[in-house]
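Take a look at the following structure, please.
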Amino acid sequence: MSKRFNFVGRDIISIKDFSREEIDYILKIAEAMEPLAKIGSDMLKGKILATLFFEPSTRTRLSFEMAMHKLGGSTIGFANAEVASIKKGENLADTIRTVENYADVIALRHPLEGAARLAAEFAEIPIINAGSGAEEHPTQALLDLYTMLKEKGTIDGLSVALMGDLRYGRTVHSLAYALSLYDVRRLYLISPELLRMRKEVLEAIKGKVEVVEKTSLEDVIHDLDVLYVTRIQRERFPDPAEYVKVKGSYKVDLNVLKKAEEGLIILHPLPRTEELPAEVDATPYARYFQQVWNGVVVRMALLSLILGAVE
Amino acid sequence: MSKRFNFVGRDIISIKDFSREEIDYILKIAEAMEPLAKIGSDMLKGKILATLFFEPSTRTRLSFEMAMHKLGGSTIGFANAEVASIKKGENLADTIRTVENYADVIALRHPLEGAARLAAEFAEIPIINAGSGAEEHPTQALLDLYTMLKEKGTIDGLSVALMGDLRYGRTVHSLAYALSLYDVRRLYLISPELLRMRKEVLEAIKGKVEVVEKTSLEDVIHDLDVLYVTRIQRERFPDPAEYVKVKGSYKVDLNVLKKAEEGLIILHPLPRTEELPAEVDATPYARYFQQVWNGVVVRMALLSLILGAVE
Amino acid sequence: MSKRFNFVGRDIISIKDFSREEIDYILKIAEAMEPLAKIGSDMLKGKILATLFFEPSTRTRLSFEMAMHKLGGSTIGFANAEVASIKKGENLADTIRTVENYADVIALRHPLEGAARLAAEFAEIPIINAGSGAEEHPTQALLDLYTMLKEKGTIDGLSVALMGDLRYGRTVHSLAYALSLYDVRRLYLISPELLRMRKEVLEAIKGKVEVVEKTSLEDVIHDLDVLYVTRIQRERFPDPAEYVKVKGSYKVDLNVLKKAEEGLIILHPLPRTEELPAEVDATPYARYFQQVWNGVVVRMALLSLILGAVE
């Protein structure tokens, strides 16, 4: 008999707050949401999701809103800090203690690390971290895991590379924590020296998964089941010449893909720029637009679990 | 047998347009909305509220939107003037005559005094004034009254102080008019000389309620049942030194609260800044976050009354 | 027995993609939507419309959103490019391939010509062109036709004038194409020399309708059943003096209307500025605010047809 979990009223702040069993359960509910994401349902009728986005993110905001609408609920909120009361000098704690009166659950995107955790301390309704600073983006990690599971049938045993900006990219932090809960065969971390994975993340996953840090994709692509690509931003480099020098090593194009294994899948949290050119879209490796859809069903699972519409 | 009121199709422009009996009736309906604000209803299914906010106000806009969603209706609109057609030079009358085709009721926030009244003259659907210039904010006054009634059991007999910027604060204007309809024991108006209550408001409430103007809270706090605090903005003072000199007298902190009566409640329309420090939140006096919730049920009452879903 | 049309899954990019029979059918469905636009329906329950507005347009956006809500569906989206991912450098193709996972249909407003067509090539869900550059605005043309049909009982046989900026005004381009499918008696094109109708449009409608180009309204107003007025923007003239010289000839005021036929109707896509002063609103000719309502039922017809809720 399977273990029972209780997600009702729970905050979704960090992927680190979840056990492997809990994540597996969320992914199972996500799968059950697939048909409802197409036809809609009344599971959350009368419920309201507030999307409070203190920095713009079309993708994540619309994904949450679609998830809520397809569950029969409603959404309110704001899409950037310009329209919010913070223009009048209100602090986050007051904004949260206000908005918790208007909604049954809040999805919060904020430029500062720790913002989601702070919000959860003040709120009596559940808070979902929709990205806080360069720190974490737990719902993205869940949809990444769901994509691997759906495409490869398993997460255990996979050889996964996270590539690009591993220092400031919040999605790779959450994903690295999440993968360390599984028996992945190997976790490659591919980045320029300047943008290596944060020490705190390396510490946390040490001993749980075999980590190999690299500065070039070419050496390891033959050994990958999953290549997770992220943007490298020019502004991260004090010297622009340095950026120009390294950026070629983190570009996934048809040339480097010649060395790929047949079953490789390429993921990307999007939006992408030159690191993943459009020529890759038509290859059998591309799965980044499927990720977008998967984000909806994962968020439907989370919303229905924490609002008690699913056990 | 109780008197019957007809709110169907009615504009909510000024609190002065309402009799005490009408206000009491709205507050009674608001109370009946409390459970529906939690579980939702289908009372306004198929109806649309347009929230036209020509200046940003997260709080009021989200409050109206939640109210509409919990009644089963939908919302459309804009959150600031930037996205509106006024960028193409359209006047308010044309905007209203356009949007009245898209909605069943309009909530309008506008920086100019008289804007809501003008809109109501052009529109064939009901207009709710969600704040116009420094003039009035009638739904805020109704939720303030509702909070007093809910917390103190009565409005008659209360000793109420309005404190802060009484000259430019639209909420205190509407609330002063509203309180003059009740037998309040005393109405203290506490403000710096420069920000005294407008003459037109004083004229209108004269003789209906005992008004005492003060420049300091400390002298009167022992006599208060309700302390209504508002922000004082630095920009109102031609001389910044003058602001620094007076601001301490309008700050509600634990020190001044030592002289408070046990049953005192503190209200604030929010957002707050330094006039109401966070240390007050944990005292038994604080009711300003309860006000936020009360705003939802009051707006549910108004929407359902003017759209004919409640008699 | 009437011919059957299949609109399911179809893009609405250009009015040129439609036959007269198809347009007549859309207008017939629009008429059937009139009562539902008042009371609402559940025809598109569980369906989502994404309104992606890369330039602001309150009118068109709210019209689409009302249409979707009155059909029982939901909406998501953004009201200007500021909040969208394009700030992070995302191209339109990627935005579309993302958002198509979040919605059942997309209404796209974009400053560039060809944007809607490009979007339709990438998307697997239907795209509705809600205005692309100075090129086309097909749903506006449909609502213009619907207004003529509703107000005059027929489109065939009418004498119609399009006046104002015929070079950059996207609504007049779409409308000219549309009118060329009907047996209009005469199509007057009234504009300053600098803002004459584009050659490509003239080429396309040549031989299908009698076109008369004019530089003044006064000469022809006595011969008109429909006067379609559009804004002339000062910025179009290299020499401001030139603008001041001509603008009077394209102003519709009570004076020029003295020469109008009794049955004349005046249309305008709105927003208007000085070319159509408020004094005209009270004349029996004004129909431009009725157009706004007609836009809703036409868009309800399109949404329900392409999403398969109506055959």
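Here the chain labels run A, B and C in written order, and each chain numbers its own residues starting at 1.
Assume a residue touches a chain if its C-beta (ideal position, glycine included) is under 8 Å from a C-beta of that chain, and two chains touch if they have at least 3 such contacts.
Note that the structure is predicted; figures quoted are calculated from it, not measured.
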Inset, instruction - Assign the assembly's chain-to-chain touch graph to one of these shapes: line, ring, star, complete, other. - result: complete
Inset, instruction - Please decide if copies chain A and chain C contact each other with the same set of residue positions, more than half shared, or with different positions, and reply same or different. - result: different
Legend entry - chain A and chain C: spacing of chain centres that average the CA atoms, whole Å: 40
Inset, instruction - Could you check chain C for residues that touch two or more other chains and list them? - result: 82
Legend entry - Partner chain B, residues of chain C touching it in the complex: 39-41, 56-59, 62-63, 65-66, 69-70, 72, 75, 79-80, 82, 270-273, 278, 289, 292-293, 295-296
Legend entry - chain C-touching residues of chain B, taken from the complex the two chains share: 45-48, 50, 74, 76-78, 82-85, 87-90, 93-95, 97-99, 101-103
